[in-house]
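Input: a single structure, listed below in structure tokens.
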Amino acid sequence: MHRYIPNSEKDRVDMLKAIGKEKIDELFTDIPEQFRLGRDLDLEATKTELELDRLMKSLAAKNKNIDDLTCFLGAGAYDHFIPTVVNHLAGRSEFYTAYTPYQPEISQGTLQNIFEYQSLICELTGMDVSNASVYDGAHAAAEAAVMTCAAKKRDKLLVSSTVHPEIRQVLKTYFRFRGIELIEVPMKDGETDYDALAEMTDKTVAGALIQSPNFFGVVENIKKVSETMKESKALTIVSVDPISLAVLEPPGKLGADIVIGEGQALGNDVALGGPYFGFMAVTDKLVRKVPGRICGQSLDEDGKRAFVLTLQAREQHIRRFKATSNICTNQGLMILKAAIYMNTVGKEGLKDVAIQSMQKARYLRNLLMEKGLAEPVFDKPYFKEFAMKFTKPVAEINEALLESGFLGGFDLNSRYPMPNTMLIAVTEKRTKAEMDAFVKALEVIK
Amino acid sequence: MKVQSGLYYSEDHEWVRVDGKTAYIGISDFAQHELGDIVYVELPDEDDEFDKGDSLGAIESVKAASDILIPVSGRVIEINDELDDAPEKVNNDAYDAWLIKVELKDDAELEGLMNAEAYEAFIESE
Amino acid sequence: MDDLKRTPLHQTHVDAGAKMVPFAGWDMPVQYKGLVPEHEAVRNRAGLFDVSHMGEVDVDGPEALAFVDYLVVGNVKALEPGKVLYSMMCYENGGIVDDLLVYRRAEHSFLLVINAGNIEKDDAWIIEQAKKFDVYARNRSEDYAQLAIQGPLAQGVLQKLTDLDLDTIGFFEFKENVEIAGQSALVSRTGYTGEDGFEIYTSPDVATKLWTEILEAGKNEGTEPAGLGARDTLRFEATLPLYGHEIDKDVTPLEAGLGFFVFLDGDDFIGKEALLKQKSEGLELKLVGFELLDKGIPRQGYNIFHNGDVIGKVTTGYKAPTVGKVIGLALVDIEYTKLDTEFEVDIRGKKKKAVVISKRFYTKKYKK
Amino acid sequence: MKHYEKLIFEVSKPGRKAFHLPTIDVDDLSLDEMLPEDLIRKEDAELPEVSEMDIVRHYTNISQKNYSIDKGFYPLGSCTMKYNPKANEDAASNPGFKNLHPYQPENTIQGALELMYELSDMLAEISGMDKVTLQPAAGAQGELTGLMLIKAYHENRGDHQRTKIIVPDSAHGTNPATAAVVGMEIIEIPSDHQGNVDMDALRGAVGEDTAGLMLTNPSTLGLFEKNIGDIAEVVHDAGGLLYYDGANMNAIMGQCRPGDMGFDVMHYNLHKTFSTPHGGGGPGAGPVGVKDILVPFLPVPMIAKEADTYLFDYDKPLTIGKVKSFYGNFNILVRAFTYIKAMGREGIKEAGETAVLNANYLMHQMMDLYQIPEEMLCKHEFVAAGLKEAAEGVTTLDVAKRIIDYGYHPPTIYFPLIVHEALMVEPTETESKETLDDFGKVMKQIAHEAKDEPELLKNAPHQTPVRRIDEVRAARDLILKYKDSLKE
């Protein structure tokens, strides 16, 4: 028998006998003959652990990862440092081999973590209520959009074209089948065209989704947008980089109704795009409209503090036909890592991470200008990412950079009519030496 | 299960208490029992207009969230905002804890509803 | 007496220096300036009464119509929504539980207005009877304040305070949610004085505001606050019965001369059998009007004699302000009810001459 | 040992640090040199200030308040709580997988693309589908994607009126919810006491407006839907498509395949059938397999292979677009891939067989005391309609809570909805005979207690970090973050 299956052949025989059967096949007599496979699956033979180890390592070795390469690539997935305790503790199997905490008495670990995570997200975003997370940033945007339309009983949503292209793509897919109209708001000098936004807003619009720092790294004027929305009794959804909230005024203080974002930067691996988690925080007013799980504090029979999933009546498995969302799970392991990360870096540490990323981004940006290698595209306040215009197609540059061990920035021309423009991300992990080397490499390429 | 006479009942277990040209609307004691401990009552705004059968809001218990389908058409003239802080009132006395008061659009719609007797029989059969 | 009930206007009355007296368990204003001037104000101009002590009962539900029709002696089925019916509730034996106004608010919705002194009794009676019907009946007396503005100028005064053209409310008709001085009220062209006028039902918390606004608006017309004293003399002149006087549990509507309000050709109602019997067998007693020829005031309960035999009782007697004579109403043996029949009223041991006259002491000035 | 009761915020102490960055090696610009005043945060986010030791103790302690597969038997029906092999975790934590940036050039992630490409093929082979997208982030999103595909398919044929999805009343609540989310209408049809679809009801339900039927086979009652052939015919003849909910696939791996039964589209729950960790509720992964007719509508990108190189294929004019950013929960895919490779041809089949054997074996042990139809052959799981005999007021919930006292995780309860007092048991193949025997004993013991000492059940659990929790209070007086609790 396979090593993952404890029973021996003898156990099998005994168990069959116990239920009055002789052969395993007798357990499948209820499957009509015509549907029986009648052959072996076309898969490779069982692998021993040693073989398995070889195979997986060889596959992994076929990839170049951001330990091998110096990474200036961001665009929604960031190479921030992950303290070692994060993976050690999140790697405890009491966490990762537990199921959804539907039996709270024996799930207090998972539940307490969700509660602490919700508290931390509310701190960062300046909002009243956080859910236990959704699949990822794009999914958070989709859920927030649907929720906004449901709450407002309107079916139009404004989305700034400075919002991450992947988010807008996912929104398009969700809206197509939900009959929600997605209206793209044009951009102006790297940020949302606020005048256009105001003109496009009326009483038929449920709300607006903006991103800050936006896809180009520019910090947007959330207050302006939320004021515009309030005039039409519409909602403001802001997608944020959680790290930036250590130093940026939180959307909650600027009139946002829903704050969402991609949570990967908080202690999670870039992992080729997943699993990540999307966080979602709202004002008290919207607490009953929030999709997904929420953990609440209560008391047990002995009057002791205890945590439990609450507001579950909103959940799809109960609302069924009435559901506005069908999400079942949250990203338990991911928010565990995020919470451990936030608690480890702590109040001061998160600020350090944000500030050093900004300082280093500014260093590199200036250096590129000084050396006359590239020109900044926008002159706007930015966080840790910025767009630079080169003299060659970015694809070409990146290819060359790769040769010298650098993972170049994002080619904006692949999503916007912005030839030769690279979106460069700098995290606290980058050193002066790495950035100098990066610039040297670019000098050669040029 | 208490069934208050003098009220009109819908198959979705809402009751209507006429009061002249207006009517109070609530959920039946049966519904309250089915839902269990009610933790939240979501009500519409005053002046909202509904047609018979529209969802005027929702009632949430720990187990379930059910929409409240308005049994008669009308305009909301008052909502029972006491339920905001004390949703348990619906559990305590479903016929006292009205949800909304509407201006009736058409008395005749009442004829389409059940009286106490019919409703009692209805929940028996449920 | 502290356990007396008070209307929302109680303080207003006291401040206005009204003379307060206990009436039917309520501390009510019997008069302000004086009975006679108030009486005349109503007859010639307009008077405002606080009648918040009256009782109100809501009856709604699928069988509301059938129930009310069964409860009272009148023909409720003929009553259209928006109209009011004066009627009575009887016991099985025909004796009167109370007289009342029946407001049909909608197809399935009624408002019953009953006498202050009978609220508990009536409420218990109605609830008891209601058990046999699929109706929702409840005492709403706490939720209503009631004002009555009565008199030839009443409409003019009230009209100043509302955009609704009061001509659209006919005699014994009513409208709901009428805005009066910014307050929503039920307004009916009804009264208890024999004059044209309105009764206004509103929520207790706005009663005072309404009261002062109406008096203010009626200043030039000489509108006066009027007390229960005037109310009684007015209704008496107009021969409107008062429970405990002309009518009570021992008197049937027929005997009280109110047969006109009894609808015997319709569906069954409580007491119908007894009344039919009484009608076929003829009455033994009847309510008559009389004028006292000697001096004195015939009070309620005084015996009436004929040739030394007691033949009846005084139900009400007054020196009537408008007609200026001493007149009264009495329940007497059917034999002595013809006009000009003479008999004696025993006033504190002295027999005083009296003669039967028409009950129509005063021709009502209703606007029909 | 005394239970650890602190929240991390209660451990926090000003000045404590568990983290330092190297001294800044470029100009040490101050915030206001880098950002305009009005954009700068006025009040700090109150994150905790704790030491590394504090962190380690905190999470170690709260972790021990969890029940987990590694700790013991976890027979949660329809959740397939099988062992999560450690080798999966090793592979997933290999920097060669976890440190790949989603926007790296294709030529730097050939190993990853090869893995995804081959995983798709293996999943397709196991289920009899033609092509598989790995993009959906969870079973529910897979379901969502599947219905989007069905809708897109009909719309592309001009069949815009096909908006009705038929589901049996035994279906998981997610099915109707998903349909609602993609703007489709649900028609619920009854199933018989064995959880089989009522064929007459089905024939009555299909028509011009039928978009499809959602089914899981074996059904949520753990029974194989024998009529599946006829069902497929009825739905297809009506112009509808068949959706397979992969929740229960563990039972049939290597025996039969949804693709062969006539299903056109399905989702897989990698965290159920393919041993990826549940993680206390996620992350999952919900790949979607389809037959050829639906391939043109699949989300982009697909992984393609040209000669010996793998690449992202965005060239799909009819695609529904993207349902998730990037390419799916890649590092979950790595685990599932590792698992299937480890199991291989024989292992996969053994897993299915053993899952079914274990379920039937355990069912037989519970038959005499729990309401289970005699002579029933279940698949990977079975449903008991509560106890046969119990004292007044003893519910399935009480039974579940009592099981906790005996050191096991309770089965799924009150699902499926069509079974009164349902108790849904799925042992999975990774449990030994001894474990099943002991659990069987426990269930018998509890059945006796339910008659003789009901209080034991009603007050259970007794030994847990917390006792039964007041859920009403939780929902009425919302305390959803630490600061809310301070307001109390």
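Each chain gets a letter, A, B, C and D, in the order it is written, and its residues are counted from 1.
Going forward, contacts are C-beta pairs under 8 Å (C-beta built on N, C-alpha and C of every residue); 3 or more make two chains touch, one makes a residue touch a chain.
Computed from a predicted structure; not experimentally measured.
Based on mean C-alpha positions, which chain is nearest the centroid of every protein C-alpha shown?
Chain nearest the centroid of all protein C-alpha atoms: B.
Applying the contact rule given earlier, which two chains have the most C-beta pairs between them?
Top of the contact-pair ranking: A-D.
Approximately how many whole Å separate the CA-defined centres of subunit B and subunit C?
38
What whole-number Å value describes the gap between the mean CA coordinates of subunit B and subunit D?
Centres of subunit B and subunit D (C-alpha means) sit 37 Å apart.
Let me have the rounded angstrom distance from the C-alpha centre of subunit A over to the C-alpha centre of subunit C, please.
Measuring from centre to centre gives 77 Å for this pair.
Can you tell me which residues of subunit B touch two or more of the remaining chains?
39-40, 60, 62
Residues of subunit D that contact two or more other chains, please.
471, 475
Counting only residues that touch at least two other chains, what does the list for subunit A look like?
Those would be 311, 313, 318-319, 322.
All pairs of touching chains?
A-B, A-D, B-C, B-D
If you look only at subunit A, which of its residues touch subunit B in the complex?
Within the complex, subunit A contacts subunit B at residues 288, 311-314, 318-319, 322.
Over in the complex, which subunit B residues touch subunit A? Could you list them?
Residues 39-40, 42, 60-65, 67 of subunit B touch subunit A in their complex.
Given the complex with subunit C, which residues does subunit B contribute to the contact?
4-8, 17-21, 104, 107, 110, 115-117
Within their complex, state which residues of subunit C touch subunit B.
58, 60-64, 105-109, 111, 130, 133-137, 176
Touching residues of subunit B toward subunit D in the complex: what are they?
Those residues of subunit B that touch subunit D are 37, 39-40, 60, 62, 87-88.
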